[in-house]
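One chain, chain A, appears in both complexes that follow, with chain B as partner in the first and chain C in the second.
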Partner chain A sequence: MVVLREGMCPGLDEDLVRDLRAAGIKTVEDVVSSDIEELAQRCAVSYKALFAIRRVLLAQHAAFPVSGADLYEELLSSTAILSTGNPSLDALLDSGLYTGEITELSGGPGSGKSQVCFGVSVHISHRLKQSVIFIDTTGGLAAGRLLQMLRAETSNAEEQMEALQRIHVYRAFDVFSLLDCLHGLRAGRLRQALGGGSVKAVIVDSVSAVISPLLGGKQNEGMSLMMQVAGVLKTLAKDFNVASLVTNHVTRSGGGELQPGLGASWAPVPRTRILLERAEGAADVGHSSVRSATLIKSSRRPCLIKEEFDLRWWSRSGGEEASSGKREREETDSP
Partner chain B sequence: MAEVITSHGDNDVSLQLFARLEARRCLKDIEPQLFPEHGGPNHGEVVELYGTEGTGKTELLYHLLCRCVLPVASGGLEVDVVFVDTNYSLDMLRLVSILDSRLNADESDEAALHLCLSRLLVVHCSSSSQLVLTLHFLETSLSSRPGLALLAIDSISAFYWLDRCEGGASVTKQEEKLSKCIELLGRLLRDYRITVFATCHAIRRSYNGSSCSDYDRPYLCRPWQRLVTHRLLCSRQEAANNMQVFTVHCTSSGSMTKGYSSSSFYVTDRGVKFI
Partner chain C sequence: MQRTLSSLSLSPSVKIKLVAAGFQFTSDLLPLKPLQLSKEASLSQLEALEVLQTVRREEGGDEGGGGGGLASLTALELLQKEEELKSIVTFSSQLDAALGGGLPVGKTTEICGAPGVGKTQLCLQLAVDVQVPQCFGGIGGQVLYIDTEGSFLLQRVVDIAAAVVQHCSLLVEDDEQRVAMTTFTVETILANMFLVRCHDYVELLAELHLLPDFLSEHPKVRLLVIDSVAFPFRQHFDEMSRRTRLLNGLAQQLIAMATGHDMAVLMTNQMTTRLQGGQSQQVPALGESWGHAPTIRILLHWAGSRRLAAIFKSPDHMGSTVQYQITSEGFRDVDQSEQPPSKRPRTHTDQSAASRGDASL
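And now, the complex of A and B:
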């Protein structure tokens, strides 16, 4: 809804705006949808002038059609695939997180969603040397944990500090702060905060923590806020060419199986969805760090394929691709 | 059809008249497997693809898009398509991989692909107000491109919750914006004789007696329900030997054709494959 103001386009002066308002035309949509001839007569303005104004306003505010060929060229040159650092997860995601898309990771408590997010941020900031924006809505991010993961990657303190500096953390504990943060990023804080560094990933852990308390009952506002968050995340991903990773909780469906939370309206929002669970039949169920990831929505790989991986992958020692995969250090407590 | 053209020194008016009179490609034969016998979408008809997430609507839409833009030699209809993307959900890479697999091997890949893609016009809208303005703007594209026969919208339900919240307590106010879009869509359909395909995400369960959680109750405003002539209800069946099978139930209530039809398909790398 764009309100008519003088100076919006040549020919739209104060008197005309006042006359139009008197005739009940207050917004750009009203101008565009009304009968120009009739309106010209009512406001004592020439048909030609009003027609020209309508044309300019329409060109300014309507979305411009783009040829599919141009869109494809642009996509080819700007899309990047970010490896998550874990080969099993990469295999599931068809090489990694794609920029311009939202990828969702859902799982119950203790399933390792946050750990995966930390691991991905550390990998992107240290190995790929790109900046990461991490929006924490649960208070679960601790710099010490990131440092621990980085220590396993490199023992050079300077490199560790550099990598940590590339991870920008924002805290938002309710949906309005989250929207504020995302809108701010979109408006330019992204460029400002980084002073030249290039952001390649925006991670929100977790998006359901701030939205699910608002859902349910007869309130529409919760759903509307959820769709607003979805809209801004998508625009951010597309316009700035970043890969967006969000986490979600799980609920049980009618048939008893696990399904991601936030309902049927959120479901079409992420392009790729992964469900994380504790691996069945793991040797030591209580303390095992092995997780199984199921691909439940993807446009590139057949659905319902599973991969198992160890959460300790991102903090394995040596920093090089350890072929044995065995940890030599003391096992720290699981997430 | 006599029309009085008042001369306002504007070329567009006469162009518009031409565009309206000239017949656009009828899409009745776009996919005979989906519709009842001889019952494909005629000029000015609207097809709605309805279903929850993961029921194959988007794949079906891409399948139909490819059918439209491919050259006749590769099994297409060679018509122009406008794709209205309401939530950045167009997966261009997937669309191109389907097109690639369907183009004949003997044609030079780059040029043929480019030609197909240039028949596709993509427009992105972020609110229902912008959708209304964009549909007005598209009128000029419709006038100047007589080859344009299909308007695809993915999805028409994207702004449902945003509009509902903005409308407050009054249902009329909630549905006002979308109703305006639909009114305009109806006018474009009548004047330009195009066909519209739109996806609509199912979000409401309907509880009917014993079986609950059936996602097929229409929830968008009445004008939309009246505009739709063919309703394709998409659902997913239990995977047998790891293959997801999707079913489509078509209910046609057009002026010429009324009837039901059912079909099933699964999704491969090359797109939709009917069973």
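And now, the complex of A and C:
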């Protein structure tokens, strides 16, 4: 519903807007869907003028169809696949995070979602030399941890500092700040604030922390705000060709199984969903860092395949790369 | 893509009136004056002014390129800021080492454990430790202690404070420290502790709502202790989903305050039993979604006659378990010489004992 205002198109002046409003035409939709002849008679305006105005308004506000071939061309030329740095996780994601899409990581407390986010941002910033935007809603981001992971990648202090400078951190602790931040990024700060570097990933850790207090009970705004966050993230990912990674909490379904939080409305939003859990065999050892990742939604790979990996992958020292790669790759198919 | 009005932080009644008047996007409101808006949307003048200010601030922030909205830091700047923020020592060097220097400032920490294991003792110890002057390696800050269980014992605080003062006076080396010791006494320690007693969850939520004003009047507060956050939320709740929502909202408020005011937030939690497949297990109370709320979680538990502290959620350190003891002077390390001689390395003993005494979490 776009309200009619003077100056929207040539020929639409204040008097005409007033006349149209008197006739009950307040929005662009009303102009487009009403009978021009009858309207011309009621408002005492020329038919030609109204017809011209309607054509301009349609051109301004209608969507344009795009052919499939053009869409495919665009996809091939602009999509990039960002490796997460961990071969097991890459195998699950069909070689990495795709730009233009939202990928979701869900898991219980302590399952390693934030650690994976840190590892991914360090890998993209250092190896791929691209900028990363990290929106932290839980306060769990510690730059010391990022430095720890970088130290394992390179011992050159200058490279470490450069990589740290490519990671931009925003802190938003409620949904309105998150929306302000995302809209600001979309409106142009993405280009302005970075001055030179190109952003390839936007990571939000976690999106459920700011949305779950709003859902349920007598509150009626929660769903709407959740879908607005989804909308802005998707537009951001599509328009700027960035890969979007979000984290989510888990709840127990009726049967006692773990499922990602935020309900059935959020489920179609991410293109790919991964559930992280503590690996089963390691339950006896008190503090194990092995996690198992299950692919619960994907448009590229069969669902419910599992991979196990060690959270310490991103802080291993460079020398062990070859051997630890072989150790971490364990594939178990779902029963 | 335009920004809808419902994504702005306005009161719901105002939003309903704006939508009823036909406004949907922020760009619809930009060319309007407050008088026009209040007539068209039947809002009061004040409400119309507030709406336009919010809208202008959003648009102005976007065009100004980072001036209006949220400021961003690069990870490098964040690292420099973190290095300036110190941690609060716990007087147990092993726990401090496991936590990376002590209780981190700017983050929320949760301590859970069975009754009697030492949660309140650790809280009281930290409430005194945060006041250690900066020349001794402390932070020299004040503390706000919110007591919901009534377990705050003044005599115990006096004992702990006296021990800390004595410890510091033995460390005095130069003039600066000598001067600091004159203002670091049991009386001043007690004077820098603000105590609030909350009897139910409504009082707790109200207190937290009023906290930003309190903190702006007392900028030296560096620690907020809530002992315990579980107690008021485990009674009188018919609807569990409402409790989860309130707790999630509470968690976000606390982390916003911790980061905004450079303050450490410490909460204690109780334990509950979870039955799973015929086996019972002790897990922290308040449900699974609460587990996401604190940044760092420490579990205090018994292994035979020993007290162990296990860090099982931390963003920058791997989980580990250390042993501690509660003495008349407060929370301390276990004396090394008292350990029975053992050929096995110490961490192995702790882990196997932890897994024997308490099922994994």
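Going forward, the second predicted complex is superposed on the first by the 316 of 335 C-alpha atoms of A that agree within 3 Å, B and C clash if a C-alpha of one lies under 4 Å from a C-alpha of the other, contacts with A are read in each partner's own complex, and residues count from 1 in each chain.
Quick note on the criterion: a residue touches a chain if its C-beta (ideal position, glycine included) is under 8 Å from a C-beta of that chain, and two chains touch if they have at least 3 such contacts.
Since this is a predicted model, take the numbers as computed values, not measurements.
Overlaying the two complexes via chain A leaves chain B and chain C side by side, clear of any clash. Applying the stated contact rule after C-alpha superposition, one finds that A:T251 touches chain C and leaves chain B untouched. Contact with both chain B and chain C is seen for A:Q228 once the two complexes are overlaid on the shared chain. In the superposed model, A:D180 makes contact with chain C only, not with chain B. Of the two partner chains, chain B is the only one that A:A59 touches; chain C does not reach it. Of the two partner chains, chain B is the only one touched by A:V32; chain C is not. Of the two partner chains, chain B is the only one that A:L71 touches; chain C does not reach it. In the superposed model, A:P213 lies in contact with chain C only, and not with chain B.
Of the two partner chains placed around the shared chain by superposition, chain C is the only one that A:G108 touches, whereas chain B remains out of contact.
Counting the residues of chain A touched by each of chain B and chain C gives the higher count for C.
With both structures placed on the common chain, the touch criterion links A:A172 to chain C but leaves chain B unconnected. Shortest separation of chain B and chain C in the overlay equals 6 Å (C-alpha atoms, whole Å).
With the contact threshold set out at the top, residues 1-2, 27, 220-221, 224, 228, 231, 235 of chain A are in contact with chain B in one structure and with chain C in the other. Interface of chain C with chain A (complex): residues 1, 3-4, 6-9, 12, 22-25, 28, 31, 58, 61-63, 65-66, 68-70, 72-76, 78-79, 81-82, 100, 106-108, 239, 241-242, 244-246, 248-249, 251-253, 255-256, 258-259, 288-289, 291-293, 295, 297, 310, 312-313, 315-316, 318-321, 351, 354-355, 360-361. Within the complex, the chain A residues that touch chain B are 1-2, 27-29, 32-33, 47-48, 51, 58-59, 61-69, 71-72, 75, 79, 220-221, 223-224, 226-228, 230-231, 234-235, 237-238, 254, 263-265, 267-269, 271, 296-297, 299-300, 302-304. The touching residues of chain B, counted against chain A in their complex, run 8-10, 52-54, 58, 69, 82-83, 87-89, 91-94, 96, 114, 116-126, 129-130, 132-134, 136-138, 141, 155, 158-159, 161-162, 164-166, 180, 184, 201-203, 212-213, 215, 239, 242, 244. Residue ranges on chain A touching chain C, taken from their complex, read 1-3, 5, 26-27, 108-110, 114-115, 118, 133-134, 137-148, 161, 164-174, 176-177, 179-181, 183-184, 186-189, 192-193, 206, 208-210, 212-217, 220-221, 224-225, 228, 231-232, 235, 249-252, 261, 283-287, 289, 312.
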